[in-house]
Structure formats: structure tokens, C-alpha cells
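Presented sequentially are two complexes of chain A, the first with chain B as partner and the second with chain C.
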Partner chain A sequence: MSVKVPKPLWTVVPFALLLILKPVLPNWAVTPPKSCLGGCADIDGMIPFVDWVNAAIKFLKKHEFLGAFTFRDMTRSMSDGIQILLDITEGILHEGFADFGVGAVPWIVLVGLAAIYGWYLRGWKLALLGGGCFFYLALFSKRGIWELSMQTLSAISVSAPIAGIIGLVLGIVAAKRLGFERILWPVLNVLQSLPHFSYLIIVAIFFGVGSKAGVIATVVFAFPPMARLTMLGIKNISPEIIEAGTMAGCTRKQMLFKVELPAARTELMLGVNQIIMQCLAMVVIASFIGQSGLGHDLLTRLQRLAIGQALEVGIAVVFIAIALDRFSQAVAGKQPDHIVHGPLWKRRPFACLALGFIAVTGVLSLVTPHIGQFPQHLTISTSIFWDGIVDYITLHFYQPLSIFRDAFLVYFLIPIKGAITWIPWIAVITLVGCIGWRLGGWKLLLLTCTFVFFIAASGYWVRAMITLYMVLVSLAICALVGIPIGIWASRRDWTTRLTQNICDTFQTFPSFIYLLPVVMLFQISDVSAIFAIIVYASIPIVRYTIFGLRNVPKDIIEAATTSGCTYRQTLWKVRMPMAFPEIILGLNQTLMFGLFMVMIAGFIGTVDLSQEIFRALTFNDGGKGLVIGLCVSFIGLTADRLLVAWSDRQKKAYGLT
Partner chain B sequence: MSKKVKISCRNVWKLYGSNPREFFDRHQGDPGEDAIRSEGYIPAVRHATFDVEEGEILVIMGLSGSGKSTLVRCLTRLIEPTSGKVEFDGIDLLGATDQELIDIRRHKMGMVFQHFALLPHRTVIQNIAFPLEVQGIDRETRDRKAREIIEIVGLHGRDDYYPRELSGGQQQRVGIGRSLAVEPDIWFLDEPFSALDPLIRKEMQDEFIRLQSMLNKTIVFITHDFDEAIKLADRIAIMYEGMIVQLGTAEQLITNPATDYVAEFTRDIPRAKLLSVGSIMEPTGEDVHPDLTVSQDDNVSKIASKVLSQDRDVRVVNAEDETVGILRRQHLVEVLFQD
Partner chain C sequence: MKSDKLTKILGLATSAIAGVVMSVGVASADAVKIPTHNWSSQLVGAEILGRLFEMVGEEVEYIPMDSQTVYQAMCDNDIDLVHEVWQGAFGAAFEKVVGEGCVIDLVTHDAKTREEWWYPAYVKEMCPGLPDWKALDACADQFARADSGGKGVFIGGPVDWLKHDAEKVEALGMNFIVKNAGSAAAIWAELDSGIKQNKPVVIFNWTPNFIEALYEGEFVEFPEHDPACTEDPAWGVNPDALYDCGNPKGGYLKIGVSHDFKATNPKAFAVTQKINFSNLDIAKQSNYVDTDGMEVSAAAERWLEEHKEKWEPWITM
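Showing the complex of A and B:
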């Protein structure tokens, strides 16, 4: 009698065999040779990637091209140029131009203009949000939040346009030249999965420190989505529109500027929205290399564990993020209306209103100084309130919370961590290879195994496995929490809307913000890190579950209903299987979000790759930072390739593409 | 025929596949069905040869995938044909440089698209003036011209609306207006009314006839709707799997279908409206019924009630009033009830 093994099971057989054989495996097959086990100060790995990168950095620093200037001279003069731009925006927003006797834009003008613009874009709700956001910044500026916010805004208003232009140009070239697209696409993939901290060091080496370096780091992080969306936008233009342009006799330049870019407007504006959100996500991270503003303030307060004050600053960041997000979305969604003829105030009512408002405040400023300066005696600080909450939690919940934390750590996390780090690396690479081969043939096998091998060869295998453990635990909990929420939310229209709104709002929070409440509850530990990841990374799985369930074709659900299915039967027998490919994609996104958050959580003390990155940051070790960053990126890309391949296969099998 | 040939299309091929030109040369410019299939090429257009005469409406008609859209794009060089020759006013279109092509398109060609292909960020007047704008014509002149066209296509008062604010029919009026802005010599319409609902479609067809009576353009019109083809065409080309299986007037297609496919296609068409008396009469020299006559050029449906109200056959005469044949009631009934 032969036992019939179902086909998918064969994929894990080699892996299981290697696990069983672990006791007899040679040492090099269990832990990659030359891996860092404890202190990772001078680790080369099997292949000395770190040395190579450092040698390259040294070359670019020292070698004089044409005997005249080094690469670093070039980059440094670039950052000087950025400094000039920063001087201008900072002058406008908060410092004024003393040389010309011109002050900064008064707070009331920003509040008013934000409100008027919001009204123009989407009515009174957005007006209230925009005006309210700036009013909040002014009202709660006891600790100088207004000035800090203006510094942050001025940095964003330099980095966002630069990132936009770079993304736009790269996107256009990639849309026109297939060869360039083939190169650009993987570069964007790596850039987007690289932890921010890993290239901060390199930015600091070549561009120095301070706000100008912060701008550069932000640009590097923010341009990829714009490049992608530009490419997508141009490629998605209906071929008929391009043909119409050709038949009108457009030259290539006319085609680009008069047809393609305007027709791709919605995608381009979404790209701008993405850029602004990425810039805000970098607000805190860029302050590691000395960018001033809200992020810097938040960081120092977090380091001093002044949770209340940090929260106050954090809320300001969140307000700015929500306002900028909704505004840029509104711009993206705004469709032009037909032109009304008549006098100026009828044709451009909102522009007239804005000008009128500026004129009125200008006159008023002659009467009262409070127009230029928010009355100090009216400003409020909420940090005492937040500190009170923190104290209350510490006082009343310290016992139960620490019991929960310790139990979670001892009985759940530590065993899993032990199990995952116990697995021989040969077994991991075999498993990845088998799955890759099954899902996507030898190409996928080769790609994913290269990624895994890079991690093994780099010398940071053990740390990488700890990172993987944190991400996998969080992923499992996210799935357990997120999928049921998604199912619940997809049941009715109002629950869907509600959940989507909550997700939208949470997603605009810069990632560092998530550390505040978890540190408040669990102090500094793996548990805090994992909870921060769970809160942050559950968003995509909820979103994708809702999307998958709601997008099951209506007639299929009707067919199920007329077959006499109960709600439960329809859910489990029809909708869940149909939504499955989307849910896999959701898991993929959750994993990516998780990896990002793990890196940031290293800031509150975990012993995985992120700790090594922070160490590299301290010792200014550019090569180490980049190589560890690539390790993280390759963990993400391996999972991404496999999960996307799986989802595509399922979709194809269901005929959903 | 003495009319001037506007477009001459000679043995045009369009193959899709890995290396169509090499494949094509290897088969001496005439690959057979088997070779095409076995090497995995897809023939979109095969040896298309025809002329479009000045002032005529040539309708290219076929089901989706028959290659009609590809063919019209070969004529405008929106698609590069694999081989063949297209002459436009005696100019070799396939040999034209990019700049020459831009000039030809700017001044001599207009095209209307199935899904309108309006630029969403431009108002009606800006859309219509677009071809003039890319020529570098100054704003005042092109706005004046565009306003004239807005009147012609019946969009008065909608000058400053955006496409999304218009109905489908109105959007296609803008598309038609844009294609007419440069006063083209030849007008290509690629299924212009297919995306519209039936009532609007009929309205736009009438509008098209009205416009053509004013403008008298040379037209290549693509459709998958045989009724539309009959209504508008001077001549119809029927395409099947990339080949033009028959080219002729509607009456020729019905009375003398070249293949079973054409016969199948034309079977359910109300013949009475298309056929002339001459095509269904029995030729004869005798004088049978001197009292009742019909002209051989008359439409069958036009004389039907006159003939059927009598209970006998009628005499058919030509323009000189000479007897040329006899129209049997039996034949007339068969044509009218199509069995």
C-alpha cells in the first residue's frame, strides 16, 4: 500500500528532512560561517560585503575625478544648494527675512488660507479640518510647537517638490523606454523595502548633517512611489487618446506635455499625495541626522521618556499629516468645472476671497500685534494631561500589565524565538527554494535563494532570524485580529465606511507615533515592539480583507443566495475563497509594514537587525548600515515575491484577472 | 470610373508575432494559412488591396477581431504595416518620414474614435481647437475656427464645458468636431457610434449624413453594424479573419455574395429597402402588362404596395421607357418576407 501524499506537501519534505537531520549536520550548515552571534563589532561574514561597501564609500570620498574634485565635493555642493532653498522656505514660514524687513507669514493667514482652500476643494468640512489643524498648532504652541511645525513644513516644502520632480522624470523615462523600466523597477523595490536608517549614515557621509541632509534622506525615501505612479499613469492612458494626439499631428514633446501628462493627472496627483505622506513619515527619522522641527523635538522627549510632552508633539505631527493627506487627496480628486463668464469675483470667487482675507488681516495687523503673533497667554499645553494619564496607568495598571508582559514574553515569545533561531540556515534556504520553484519555476527559485544567501553570507544571519521571528509573530497576530475585523467590516456599508475611515486615519500617522502608547503601557521590551508592529501592520490586512470580500462579483453572491446559502455558508464557501488572493496580498503588505516597524522599534531596544543598524548609526559605519539594510530588504522581497506569486496563481485559477 | 483615387492600398499585411518581417520575407511575401498558424503568428490584416475614391464613403465592416481597426490604423500609420503599399494623394505614406507624417496628419487627416478619446482636462472648445493648437496657430484664429465647428456639430453653448459634463452623444460630437477642425481631405471614423445607445446612435447617423451632405469628404468608416453600413455606405468592404472577402455596394453584396460568410452576414438584412426592381425582375423582351409599369432603378420597398394592390405581375421599364423585364408578384413577396 502506498500512501498518497498530496502534491503541495512535497514542497516541505526536504525542509522537514533537514530539520530531522539537524543533529548530524555539520556546523557550517546550521549557522552560516563567520556569523555574528553576540557582539557584532567586527564581523565580515562569508563574503565581506561590508568591507566592499566601505571601500566604495572611501573611494567616492577621497578619489579626485579629473584631479579636481571628489564625488563628495559634488554632493556637498548639492546640499549647499538645498540649504539655499531651505533658507527661503524657512524665511517665509517662520523666520522672516530680516535683511528685507519682511516678517514670516502670520499664523492667522495660514489658518485662513487653509480654510479657504479647503472650502474651494471640497466644502466646509475640509475647510474646518485645514483651518482647525493650523489653529491647533497655534493654540497649543506653549512649547514652541508652532515654530517647530513651521520648520517641519518648510523642510517638507523643499523635499516634496524635489522628490516629485525626480520621481516624475524617472517615471516618464521608464514609461517610454522598456529597458530603463527593467532597471528602475527592481531598484525601486529595494529602495522601498530598505529600512530608512540604513542609508541615513551614507547620506550623512556625503551630505553632512542638519536639515539639508534630512531633506536629501527624505527625497531618497519619497520619490519611488511617484516614479511608480507616473509610469502607471502614462501607461494606463487609453491608447485611443494617444492615437488622437498622433492624428492631431503632435510632436513627441507636444504629446508628452499636452496629452500624456494632463491625461495621467489623477495618478500624478496620487503620487504627490504619496510623496507628502512619505515626507511626513520621515519627519522623525530624518531628525536622527539633525533635521530640526517637530521630529527632533519628539525624538529628544522620547529619549528622555517624557511621554506626555512627546505625545503633545506627536499629536501635532498627526494633525499636519491628516490635513496634508486630505488636502492632497482632494486636489487629486478635484475635477474642473466649466468656466463661468462674468466679472473676476464670479469667475474666481475663492481666489478673491483669499486676497480679501489677506488684505483684511493686513489692515488688522496695524491695529493689534496678535495677528502676527498668537497671544501667548491664550496658548495651552496638554502635556500635563497626558502625563497624568501615564501616571495613572503606571499607578493602577502596572501590576497586571507587567504580569501580562512577562507571561507573553516567557511563555510565548521566547519559545518561538528559540524555535526559529534553532532552524539550520540550509533548511531555510531549501524551503524558500522549494516554495519558489513550485510557485514560479526556476526563475523565482533563483531570485529568492539569492536573497536568502545574501543574508547568510553577510554575517547577520542570526540577527536576521530574530527580526524574522518578530515579524512572523506579529504577522500571525495581525492575521488573527485583522481578518475577523475585515469580515465584520465588509458585512454592511456603514461598517465598511467606518473601518476604512479609521484605517485611512491610522495610516497617515507617522510610524514613530505608534511607539508612544506602547511604551506608555509596556515600557521598553520585545512586547512593546511587537504591539507597536501589530497596531501599525494590521491596517493593510483589514483593508485587503474588506476589499477582497466586497469585490466578489455580485452575480456569484446572488447565485449562492438563490442556492439557499445562509450568510455563514456564503461567507465560508463562496466569499472567503474568492477573496483569498486579495487576503494573501494583504498579508504581504502587513509583512512589509511589519518589517518597517521592526526597524523603528529597534529604537526602543530589541536585539535584532535594527539594533545593529542603530549601532552602525552611532559608529558612522556606512557599509554596515547599508548591508544590514539590504538584509532587511531581502527578507521583505523574498516574502513579497513568494506571496505575490501565490496570489497571482490563485487569481489565475479563479479566472479573476 | 473616372473619379480620382484618394487612398490606394496595395497588398497590405499586418502580422503579429516574434519577428514578422523576417517571417514574411522568408515566405516570399505570401505566407500561407498553415505557415502563419504553425509558427504562431497572428494575421491581423492580410493582402488588403483597395482604393478609396474622392468623395465616397467606404465602410469597412466586420465582427470584432476581423482586423478592421488594424486596417484603418495601417492607412493612417498609427500601426506600422508589416508589408504593402499605401498611397495617399500619390504620396507613399509608408515611406514618409516622421516629420512628413506629422504634416500630413496635421493638415489632411481627421479621425474619430470609438470611445471619443477626448482630452479630459480640456474644455469642448479647447478639445476642438487642439489639432490647431499643435500646429502653432494663434489662439484667436483657432478659437474662431473652433467656434464655427461647435455650431456645425450642434454644441452651441457648451464651449466651456469639460467632457465629463457631457452625455455620450455630445462627447462624440466633440470628437467629430475635433477631427474636422483642420478641414481634412480624408476622414477616418473608427466605430464612432458603437459606444452610444441605439436611439442616440440613430440620431448621430442622421447627423453624420447631414454633415457629409455639407462637407462632401472622402470617408473611411469602420463599423460592426451592417444596418449602419447600409445606411451610410457608398461601398462596403467585408472583412473576415484579416482579409477583405468582398468589396462592393450593398446591393452587390446581397445579390451576389462572394462567400458563404458574406451570404450568412447579409441574410437577415431587409432586402426590400436595398434591392432595385432590376435585380429581382425576370429579363424579358415581351410586352406583358402594358398598363402597369415600374422603373428598374426603383427601390423594391418603394413600389411594393403599388404592385401588391394589383393581383398580377408588372412590367419593368428602363429610363428610356423601354420594357426590360417582368416583376413577378411571387418574387416580390419572397423578397419582402425573406424566406
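Showing the complex of A and C:
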């Protein structure tokens, strides 16, 4: 190790030199120049990426392949197909099929079935939870939350399976063919870090608008984790299992379906869980291109400052997420039943119970109309209570917080912002290149420098640096807050469970809702934006810290205990260093969450890339939206590549691989 | 035998599903596609339009949409009409697609819109001489914030609404800076917080709007708008700059329709041509929801009930 000591220093020397030399650097080295590639008229940067993308969109829209159909005709017929599926789920859940005289599933049947299914999967606790979540939707349906929830649910019932199938197929192919994996991996990286607002226009052009377009946008965002986890699951199968399969004479098809996929079950179910989370995270944004349901309603209520009402809608989203998530986890953990012989009600007791329940409600519906619709006079709303809390906080906390806000702004944020935007771009690219070279050699250097160069050449350098400044400040605060919380939470089982539940809630709770109270407290300023980012981006660092600390091999902790370490010593000398690689990955995820939230914080009013993306939305400039989206994505990917390389090195150093 | 049965059942099931699909698909093929945005008057108005179209025998489909992306969708004939095109907020996006020829500028409502700097009533006591802009400028320091360098802060609309507030401040030599909110909701949050603290705020606001029903206040009076103000630097107080004047007091509110609307839904098109909302109509549509707390469909019904004489001629062919 001692040989490497001067090396980290050398990675910063060129950077420092360029900073010192800034006064004598030519202008083009300080801010990326504009060039005249492709005409000087109105190009934003060095290379006209925006024009290229727009030309490609136009080509795909107009050019007829084989003289018969355009690319857009193809995508449009795909969205017609999705519309067919949506018609079916919407018919079942909230519209009914008028042509057949069949109504939608009544609320009481859905609540009952959720409870029975929960009971079947894991017992009365899950029955209570599942039934309870759906009952909330009915009980709070004063403002139509039930219908809206069913619209949202019907969209998810289409997008989640599609995302699952795409992810599964791509994951399987990538696990079998190394060449395909090499192509797929970076594509997944870009898709996951691309801000949603950057491709809304493109989705609208090629897939139209409405719930079908919402489904497409959701699928794009939701399938990558599934593909990754499928790949991981199949690759992690121990060779003995595969050998056993080969010896038993499996064909390739049998091998895949009877051996590999069952063996990778844990990862696949985690993938399903991630898909559900991602789909619900898209509920609000998908409403920008026409998805009806809770998301659109939430935005409408926020627009007229009805924060309490919006909060109720947000809680509905969280409850749907919790119900679906717990069910999917229970399905994963369900052991196969023993085969019971006897009459039907003994072989399939729960199916019979469900059928019986439906029959009973069917009979009851002849007596009372409340089976079909939850009695309106029994619905409740807590929005006044929530509004009261928001009012109280803004009235009483504003003054004390304003001192903190102003000090934070003047002595901390403004100087940092100034410093980051002051750095010449040549210096930034040099620093990134040097770090990349040290951590991963020439390959990493080339990759990260390409990312940085793209941002510089696109013409949005200063904006990108402001985005970077907000994310970095948030990242630092998240680490300062999140790691101690993680350490505390990892100490006992109940603190771990509690913290993980809070993390789940905040991850699915639509973040738009807390933007407004934050503005009421901190005004329209970078403080507001950063505060909102921290609330959301702290989640992964807390999760990964817990995960890292709890997964330290038992024998190592025992060794520490037997050699007489105190709790404190074990934590700082043994467990923290061992968990370090996980914590770095947590930081990496925090950065990704931060970039996601920076774009949403644009609704507060920040002068960074998000503002440019909204401008692109106004002018229907699909190309500009995508290019700026790629800038955001590349900031994330640069940091991601460097942090992963660093984490790998640490793992090797501790012998963890 | 068993597999025979299975195929039969499967066959039945698929044909049943296909039947559902066909019937649903055919039914909604030519529905009028109306976008719904996120403010009350638009939501209520959309529902009113929808009901009128249904009265003449058209089918209607409501699609929630972002109010900016909707213009691309209308250009692609995915949306049939937008009935609240505000000059201030959406003029740029709208005029672009009209220029491309894929959207038709069909109706200009009687309603006139005004967008200007606005302050809640109590600010008048803190700044004697308001609503004159010079009085506002004279007490700019009261609007100062930690990061504004001693200058007053004006909360403007999102940058993509293309207001020329910064140019105005510059041209009039005001001691203010412009801080752009990222969304209308952020402006209201600022206003709400200011009112609770009884602290001076000046924000971007417009009429007709639900805010006037909730809070008292007025617009700042700048030098009267004149077309020359935005074209000829020599015009106005500052001989070297454009935008040394207020915003126009009679901004348009229009209905834009997609290029194919007339062909696909002629009956709805004929109705649309006659639709015309006044300021009062828009204000009522929004107040029913924002101040009276009605749900959107109830508000639409109430407006229709109270204004029969107005809309009945619209649907008579």
C-alpha cells in the first residue's frame, strides 16, 4: 500500500495547476466555446447534437421503410395494442363492459379478495394489511379516490407485466450471450438515469398521448432493474445446480425453465418488487402525457394549494404500493402446498372461500346499493387536519428557520456555487480523467472523459455545473445525515425494520407534495431545492449502510469480540471498514436519486438543467429535451463508473470478492 | 379428449376477449379527445365542452395532459382541441404549431386576460403610493432577501412563459431582481407564506384566476402598454430600451383545434366554432371549485344549468 501514497496526489496536481493557470488560459478552455459546425445561426454548443436528434426524429416520423410504413406507424400500432390491454383492465376495474351489461368489480369484492389472498399467502396479518390498504381507498373516497385508484391500478396492471416480460427476456439473453450483455448494460444505465421529462415529447410523438403513452413511459423506466436482476440471478446460480441439470439430460428449454429460472427465484422476485416500486414512482409524471388516475388528480389539487387533499391522494399511492409489494414478496416466499386429496373445498379452500364471498356479495347487492358503491356519507377526509399541520409549521417555524436559511445561503451555498461554476471546464475534464485513470486505467479514463466532453460540447456546461453543485451539496448532507441513521438502525432488529418501512414509504410517496410546504418555509431558493432533494435522496444511503453493516461476516465480528473489542471499537475498526464498499454504492444510488429529484425540484424554480428541460417542453423540442436529459444522465454515469471502480478496489483490498 | 376440451375453452375465451376488444375499440375510435390540465377553470370548461359535444351526439374522451406538451399532441392529431390557450403562458407553444400548419387558431374568446406584477392588499400600507410602479421601486429594500444583494425580489412565472420581466426591470432601471418560480404552484406557495408572515411580496399573477377570489390585492401599474414599446427602443421612459412598459391589458384567450378535427368530428367542430367564454364565465368556472369547494363535474353541471341562454345557441345547428 505504501507505494501508492503519492499517486492520489498526482491525480489532483494537473487539476490544481489548471486552476492556478486560469487567468492565463484562453477563453475556449474556460467555458466551452460555440462552434459553427452545421451553420452558425442558432447552435447552442460545439456540436449540434440537438439538431441531429431532431433530424433523426423527423426521419423516423416521415421516412417510409420498404415504401410502406414509417417507424412511427410501427410504434403507433404498438400503442394500439397496449390500448387493447388497457381497455380490458379498465373495464374490469372501473368502467365495466357496457356492451355486455357487466359492471366493474365493486369495491367490497376487491377489498375482500385482497384480504382472502393475503390470508392464503401468509396468514391473517397480510390479510389485514392487504384488505386494509384497499379499504383505505374506499373509505377516503370522498373526492373520488376509489375511481382514481382503480384507473392507476389498471394502468399498472398493464405496465408492470410488460416491463417484467421485457426485463426477463433481455436479462436471460444477456446472461447467455456476453456480447449482448456488453450492449445492454450501458443502455440500461442510460435509461435509468435519464430524467423522465427529457423523453416525454418523444413518447408523445411516437406513441401518442393518453394512458397508453403513460404505460410506455412507465415501462421504459421500470424494466431496467428487472433485466439487471435477471442477469444477476442466472449468473449467480452455482455450477453444481447446472451440472445436475445437465446430468439429468435437460434440453436447453428445460434447463432454462426447470432449472435456471427457479434457481434464480429470489433475484427475480426482487426484480418484480422493483418494477412495482418504479411503476408507482411514475404515477405523477405519466400524467404529464395523459395517464389518468391519482397522479393527475394530485397535481390538480396541488395547483390550487390544497396540500391536505393532495396528501390524501399521495397516501393512496403509498398504500397501493405497500399492498402490491407485500403481496409480491409473499408470493416469492410461498412454499409449495402439500397435495391434499378430497373434495374441492378441501383441495382449494381459499379459492372456494373467494367464490363464496363473491356469491354472498352478489346476493347482497340485490338488497343494498352500497355493495357497488361505498356509502358516500361514511367516507371521511383528513385533509383539514393536514392543512392545519402545514399552516402551523409555516406560521411558527418560518421565523427561526429563516435565520438558518439565510446563513446557509450566504455563507455556504452561494460561495460553493460560485466556486464550482468558476472552475474551467478543461480542469474538470482533466480531474475526471485522472481519477478515472487511477481507478480503472485507460478504459475508464476514455469513458468518463467522453461523458464530460459530451456535456461540454452540447452547450449546457454552466447549467450542468449548477445541477452538479446542487447534487454534490445534497450528497454531502445526505451522507452526514444518512450514515449515522443507518448505523443507529442497524443495531437492533426493530430499528432496522422501522427504518426500512419509513424508507419504503418515502420512496413511493409522490415527492411533488412536499415541494410546496418546503417553498412556504424556505421560499423559492436553492435551499428549498436542496432540502427537497435531501428528503428523497437520503433513502438509499440509509438502506445501504444498514445492509452493509448487517452483512459483515459473523466470524469476523466474533473474532473482534473475542479479542476484546468494545461495541465502539467493533463498529469503527471492523464493521465500518468492512461495510465501506456497500456504503460507497449507497452514495452512488443517493447521487442517482439526487439527479432524479433535481429535475423535480425544477418546479420550485432553479436555474439549472431542469429549467432548460422545461423550456424544451414548451417548444416541443424533443431533440433538446433528450440532449439535456443525456447531460443529466452522463453526470450520473460519470460518478457511477468512478464510484463503482472505487468500491471494487476497496472490496479487493479487504478480500471481500 | 382432455386437450380437445381445453382448446375449445381457450377458443371461447379468446373470442370473448376479441369481442370485448372490438366493441370497445370501435366505440372510442372517433371520440373527441379533450385534454384536462391542472387548474380549475380549465377542468370545468373541458367538462362543459364535453357535455355540449355529447348533446350533439359525439363521444368524448378526456385525457389528462401537461399544458405545454399538449401542443405537440394536438399537432399530431392526438388531441382535438385546447379551449384555454392563454397568450401569456402558452402563446409561444401555440403560435409555433399554428405556424407549422398542424393546429388551427379557431376561436378568440371575449375573455381578456391580464398578466402583471401583483401584490396582496396589506403591502399597500408598507409602500405608500402603490399601485404605481415608482412607489414599488422606492420601497424595493422591503422586498430584499438574503441572496438578492439588497435589491427587491419579484417572483416571476416559469421561464418558459417568456415574460420579459428581467428586461422590464432593466429598462425601467428598477432596484429589483427577478426570481423565476418553476411552476404556478410555487408562486402560490410563496404568496401564501408571505401572507401568513405579513411580509411584503410581489408576484406574477393573472386574471381571471382563482387567486383573486381567495386573497385581496391589485396589479402594479406600469407605463401603459403600446405595441411600439416592444418594437421601438425610442418609445417610452427609457429611450434606449424595449419593454419599458407594462404587459398588454387585453391578452387573448383562444381555442386551438387540431388540423383533422373538422374532418373527424364535424358536429363537435361546428359547436366549437360558436363557443365563447367571457371573463365572468372563466371566473365562475374556477370559483365553483376553488372557493365553493365543488367537485369538477358538479361545477360543470351548475354552470350549464345557470347559463342555458348562453350555450343553447351553440348547439343548435
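The rule is simple: the second predicted complex is superposed on the first by the 596 of 657 C-alpha atoms of A that agree within 3 Å, B and C clash if a C-alpha of one lies under 4 Å from a C-alpha of the other, contacts with A are read in each partner's own complex, and residues count from 1 in each chain.
The rule is simple: contacts are C-beta pairs under 8 Å (C-beta built on N, C-alpha and C of every residue); 3 or more make two chains touch, one makes a residue touch a chain.
For clarity, every value in this text was computed on a predicted model and none was experimentally measured.
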Report clash or fit for the pair chain B and chain C bound to chain A in the combined superposed model.
fit
Looking at the overlay, what does A:P400 touch: chain B (first), chain C (second), both, or neither?
neither
With both complexes superposed on chain A, which partner does A:P369 reach: first (chain B), second (chain C), both or neither?
neither
Which partner chains sit in contact with A:Q335 here, chain B, chain C, both or neither? Use first/second/both/neither.
first
With both complexes overlaid on chain A, does A:V519 touch chain B (first), chain C (second), both or neither?
second
What is the angle, as a multiple of 10 degrees, that the CA centres of chain B and chain C span when seen from the CA centre of chain A?
160
Partner chain(s) touched by A:P26 [first = chain B, second = chain C, both, neither]
neither
Check the residue A:S238 against both partner chains and state whether it touches chain B (first), chain C (second), both, or neither.
first
Should A:P343 be classified as contacting the first partner (chain B), the second (chain C), both, or neither?
neither
So, A:G564: does it touch chain B (first), chain C (second), both, or neither?
neither
Quick one: chain B or chain C, who's touching more of chain A?
C
In the superposition on the shared chain, how near does any CA atom of chain B get to one of chain C? Answer in angstrom.
13
With the touch criterion stated at the top, can you tell me which chain A residues are shared between the chain B interface and the chain C interface?
none
As the complex stands, chain A meets chain C at residues 83-84, 87-88, 91, 97, 99-100, 143-144, 200-201, 204-205, 208-210, 287-292, 295-296, 299-300, 302-305, 391, 394-395, 398-399, 405-406, 409-410, 414, 515-517, 519-521, 523-525, 601-607, 610-611, 614-615, 617-620, 622
Chain A partner, complex, touching residues on chain C are 17, 20-21, 23-25, 27, 33, 35-36, 38-40, 43, 61-66, 68-73, 75-76, 78-79, 92-93, 96-97, 145-147, 155, 158-160, 179-186, 188-190, 192-193, 196-197, 210, 289-290, 295
Tell me, which parts of chain A touch chain B in their complex?
238, 240-241, 243-244, 246-251, 254, 258-259, 262-263, 265, 335-339, 341
Which positions of chain B touch chain A when the two form their complex?
73, 76, 78, 102-103, 105-107, 109-111, 113-123, 130-131, 133-135, 160-162, 164-165, 178-179, 188
